[in-house]
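First the structure, in the form of structure tokens, and then the observations on it.
Lettered A, B, C, D and E in written order, each chain numbered from 1.
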Amino acid sequence: MSDAEGVRTEATHDDGGRAAAADLAVARAGRPDARAGLKRAAIGAVVPLALLALWQWTTAAGLFSAVQLPAPGAVVAAGAELVARGELWSHVGISTQRVLLGFVIGGALGLALGSLVGLSAWADRLLSPTIGALRAVPSLAWVPLLILWLKIGENSKLTLIAIGAFFPVFTTVYLALRHVDRKLVEAGRAFGLAGVRLLTTIQLPAIVPAIFSGLRLALAQAWLFLVAAELIASSMGLGFLLTDSQNNGRTDRLLLAIVLLAVIGKITDALLGVAERWAVRRWA
Amino acid sequence: MSDAEGVRTEATHDDGGRAAAADLAVARAGRPDARAGLKRAAIGAVVPLALLALWQWTTAAGLFSAVQLPAPGAVVAAGAELVARGELWSHVGISTQRVLLGFVIGGALGLALGSLVGLSAWADRLLSPTIGALRAVPSLAWVPLLILWLKIGENSKLTLIAIGAFFPVFTTVYLALRHVDRKLVEAGRAFGLAGVRLLTTIQLPAIVPAIFSGLRLALAQAWLFLVAAELIASSMGLGFLLTDSQNNGRTDRLLLAIVLLAVIGKITDALLGVAERWAVRRWA
Amino acid sequence: MSSSAVATLSAPRAGTTRAASLEFRAVGQAFAARRGSRAEKGAHDAVTRVLRDVHLTLVPGEIVALLGPSGSGKSTLLRIAAGLDTPAEGELLVDGTPSTGISERCAVGFQEPRLAPWLSVQENVALGLPRTTDRREGQASVERLLHLVGLDHCAGYRPAEISGGMAQRASLARALARRPGVLLLDEPFGALDALTRMKMQDLLLRVHEAEPTTVLLVTHDVDEALQLADRVVVLGSDHGIPGARVKHVLEVPGARPRDRDDAALVGLRRTLLTTLGVDTHHH
Amino acid sequence: MSSSAVATLSAPRAGTTRAASLEFRAVGQAFAARRGSRAEKGAHDAVTRVLRDVHLTLVPGEIVALLGPSGSGKSTLLRIAAGLDTPAEGELLVDGTPSTGISERCAVGFQEPRLAPWLSVQENVALGLPRTTDRREGQASVERLLHLVGLDHCAGYRPAEISGGMAQRASLARALARRPGVLLLDEPFGALDALTRMKMQDLLLRVHEAEPTTVLLVTHDVDEALQLADRVVVLGSDHGIPGARVKHVLEVPGARPRDRDDAALVGLRRTLLTTLGVDTHHH
Amino acid sequence: GEGAGGEAAATAAGGKDGALNIDWATYNPLSLVIKEKGWLEEALPGVTVTWVQSAGSNKANEALRSGAVDVGSTAGSAALLARANGSPIKTISLYSQPEWSALVVAKGSAVSSVADLKGKQIAATKGTDPYFFLLQALEANGLAQSDVTVQNLQHADGRTALENGSVDAWAGLDPIMAAAEQNGAKLLFRNIDFNTYGFLNATESFLAERPEQAQAVVDVYEKARGWAASNLEETTEILAKAAGIEPAVAAKVLKERTRLAIDPVPGEAQRKVLEKVGPIFVASGDVSGQDRIDEALASLFEPGLVSKAVK
């Protein structure tokens, strides 16, 4: 474990299995898990806190006017005001719900279609050019089309978010399936696995890391598409708060919306990270 | 090669190496590459053509009014009008240039930072919470901030596109590096490789497929972020054409912009696909 | 590792899997040189011939050992038998009918263990069970097999947590779990120490006795071939002509278990080593 | 595979790499049971002890063969020697100084070939070259090594395109390319046929003669151990106590090359087999 | 801004007799009053009224185009543009004569007249009222469009660009403009007649199929107009709450910059402004020909309903 340059060796992140001397010693010394978690969180907070300090300093020094960049305190006040009006939680709640639903739908479709196109040469030839083209259609461009087809209700919003979540999962699954260890797939085939059983027994477990990198990108993209989705006739949600504050020149609320999107985005991502760790322990 | 259910077996897509009887026979029968390519393109065109026919049919049947969904002919006419005004190529040219530049910058940064954070436990703890939070900040939310910091020139547009391209590469590289075959990394370390040399000799080549899935998503996301970028003081570009037509109710131009974004997005993606095939032949 | 365990293993479904015959007819195999690889540059021909004109018939229930120098095409022939590759020339017949693709009736023990890293040893072995196996019955036979190959204490370990020899035994157990008509084994005992190797050879013979299946066994150990096989087949190429073919076929006399010091075997051993190019008097 | 080639291999940099001594002092190793794995459930202790109290000293230039049942901890000990794992107890000394982490002076031939799939055989072997090697010189010595292990005709092949035995030879060549002070080999000849195996054993001895390095060789072949080693070390565990330790150390008499039928060796062979649990009179 | 009453119900949008989909917008104070008071629901018992927010004229037009709303509020210029590009809408009433656009310069700017803008950078959002205001202002002061550089930026971004010095002037829009003023920005040039009125538009199919509902909408708007005139303080409060802006800003917008007490019948005054704006659309290529502008202008107004209402 020559970790001299601060470059992590594989062993350092090895959750399962091999625990050599040092780890055993630690294990004997008691459960430092909680403390380690705290320390980790503290280190992770360094950069955000530094950014916050920088923000506070620039506004205090008057580099930007209050409308250009309100002070952190003003943003907190704007948040407090929304809380007092009982609106903040509705914004957060409805957006989170939309993102999660859209993410689940889009992610599931991405997994299914990515598997199909990744494994069937026919589906690949037939579908991947079209899917590749649709991938580059911006979220904002979908808005008028979706309004046309699905009107302005919740369906069109969820569809747009699902579209956003679909592509990262589709792409990563589709590309990763091509590179599953051939020897393992061959072993599976030699033992009579084929089609869906081969997929679920060998191919999908083998790409669990790739699936999760697709899912994490999909979740992030679902949040990105939320703003476009909430341009579709909504009066609630963080995306709405963002555009509305922008239109009304409420920079403090605008920043509040950005910070909330970042924080909630990170929280949902962290939850997905927990699922990932579990899955990786199980499958990789 | 029991390919009964039309589910592709690994061997079918095996570009390199093992070529069994059938392939040898084909190779002896002459070079069918060009014909195969044509056939592939024809199959890939089936779905787009079907969509086009559906589009033509719905407009002809009067399901939607011409402002809701103009006929394909009207979109072509709108394109011809823009060509006649000498504007179309500037739109396409400037957008392509912005996307490619932003993609290169964002992709390179994503690769570098993804490697650093993926391999150094310290960088991971310090940076990944912040990066995870920034990932969920929507493109539209960056616009006011970038205008504030970078003014309204080309820089702010490129930065926004680079931000879009950064995250997919960062995420896939970061997550894939954790799952490089431990035995191989260990072998590399046993032969004195460490740090950057280990990264370039073992770790990066091992994740070439993941890098490319990140790059392809990054390119797509660069096109997505283009629309937001071209909200920043532009009077040219496909993103501008899109928003402008949307605001003006020029649905024909709006659809033209969408189709162009899809087609050019797909073309750039296909070029990246060629690079990927080359890289995969070289490294995987 | 009792005989009774072996018997129990076979008991519940005895007779369902009948040993099959296996016939290679004028089989040849060639590989395309990798495009763009350096190998191609100097080569006149983009195709490397590995096997040529291989004729070989295994009768049902027979054990045939396949010997040959490293790189001579033993694994390639086994892959063809398993239906994993289609031969470039000739054909493969299973039970008299031409076979393409993977046959349900074959089981393979690969040269490398090829265990799925995310499955426990036990789950990996269970992969080998025939698809129709009843859940409970399957679990029981996996447990018996793990016991037989001496891995019962680490049924729940992942492949990364077991030693090379243990992985090889798990791979053997997986192939046996299939209870196939034809058992194809590629150096199944290569990574085992002397004692474990003997135990495993023993196990194979007892399983074969309880339920006689056709076995094609690749090995690089002449003694092992002589201990286990009814016939020993040696692959090799003629000087200057690319592609290996069957150079020798030897009937091994005597019923198993055989005595290593039997004069006939000692003679055969010498013959085989000479065929393989080993000077038995030096060293 | 000429002696002159071996000589040339060593010539240009002769003397730069001095054989090192290697000492295990009360080394013990244990593994944490996988969290959440089934293995854990029944177990009383979450830690599996593999090695305990291993004392062993290799003098510079000595060849030591390591024998032991499958799963006894041979590879684990080798990994500790290579600095890939830190022992849970005790310490490792290279040339008398405690060593942690990977030592520049060791080279490892792993039990599996571990070749990078995207590099050609030649490039894989070149990975083994010491970092300071001059480009041209490096290329020349890779070519010589490929010739010595009989892989010159497939220098440009990818690992997926070569046979198991060929991969093992490539892995051996990579370890030799390092010209290490200590050479750690984990069953380097396991996948080779009799003839190739002899050639490779021969090669090892000649390389050792030209440039005497310290060799720790894991093998499961008693004859091989007796042919190659100065001393044979047997790992094994005492009944009921978890963790293997050094059970026997045997000096092998006679200079190399040795005659297999030498009476002393035959006796030693019998002793070793008995130690390993093989009844040499049966079979 | 809540009133999310109909986010889910809006799915059922479309021409059912028992439903009316109508927009509300912060730039249409009367719609806020009506929604707040529930007058429309009162006037149309048995009809499910669904309120949909429009974030701007462009969004209102989009909703009208897709049939997501039956009645929507836009600026006059936007209504003309939509009709000229084939959107089947008619202006049934005017909700205000706003002075929502003006030319703005930053605090301490050396620019003191429109003429000073020659060679300077000006931020504006193409296709919106402030943009047309800018073009008319330039023309009125003897400058051509080519004498300045127009930077196309969203309204809020234009303000940022002005304040960080990226541009020298900004064709602003309320309420952002009012907020900028509070922050020290100066109005360089204003002229209420260069603004194009607030148009209340309905789709043709709605007018044809449900004229009674249309009449009711127009009637309720007139009721609101009367109420707002006499309850300015409360109207201000309603606006401040709906738009999430400071009460002071809301007061400024409503009291100084918006004329609610106007003749609500679309006619000559509006035609005069729109005739100036029309050719600009053609020149910029946003509309493919002047004939379409002429056609649209000739057919846009539907004064019948509101004439009946004011009687």
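Definition applied: a residue touches a chain if its C-beta (ideal position, glycine included) is under 8 Å from a C-beta of that chain, and two chains touch if they have at least 3 such contacts.
Just so we're clear, the structure is a prediction, and the values are computed from it rather than from any experiment.
With steps allowed only between chains in touch, the distance from subunit B over to subunit E comes to 1. Chain centre most remote from that of subunit C: E (centre = mean of CA atoms). Taking the mean of the C-alpha atoms as each chain's centre, subunit B and subunit D sit 48 Å apart. Mean C-alpha positions place subunit C and subunit D at a centre distance of 27 Å. A straight line joining the Cα centres of subunit C and subunit E is 82 Å long. A separation of 38 Å divides the Cα centre of subunit A from that of subunit E. Residue positions 2, 16-18, 64, 68, 143-144, 148, 182, 186, 189, 243, 246, 254, 282, 284 of subunit A each touch two or more of the other chains.
Across the assembly, subunit D contributes residues 31, 34, 37, 102, 112, 158, 160-161 that each touch 2 or more other chains.
Counting partner chains per residue, subunit E has residues 62, 66-67, 154, 156, 160, 164 touching two or more of them.
Considering their complex, residues 82, 84, 102, 104, 106-108, 110, 112, 114, 116-119, 127-128, 130-131, 158, 160-161, 174, 178 of subunit C touch subunit A. Remark: subunit B residues 16-18, 183-184, 186-193, 201-202, 205-206, 208, 282-284 touch subunit D in the complex. Contact residues on subunit A toward subunit E in their complex (touch as defined above): 64-68, 87, 90, 143-144, 147-148, 151-155, 231, 233-236, 243-250, 253-254. On the side of subunit C, the complex with subunit D involves touching residues 31, 34, 37-41, 67-71, 74-75, 111-112, 120, 122, 154-158, 161-166, 169, 186-187, 190-198, 220-222, 227, 257, 259-260, 273, 276-278, 283. By the touch criterion given at the top, residues 2, 4-10, 12-14, 40, 43-48, 51, 64, 68-69, 119-122, 124-130, 132-141, 144-145, 148, 167-168, 171-172, 175-176, 178-180, 182, 185-186, 189, 194-195, 209-210, 212-214, 216-217, 220-221, 223-224, 226-228, 239, 242-243, 246, 251, 254, 257-258, 261-266, 268-270, 280, 284 of subunit B touch subunit A in their complex.
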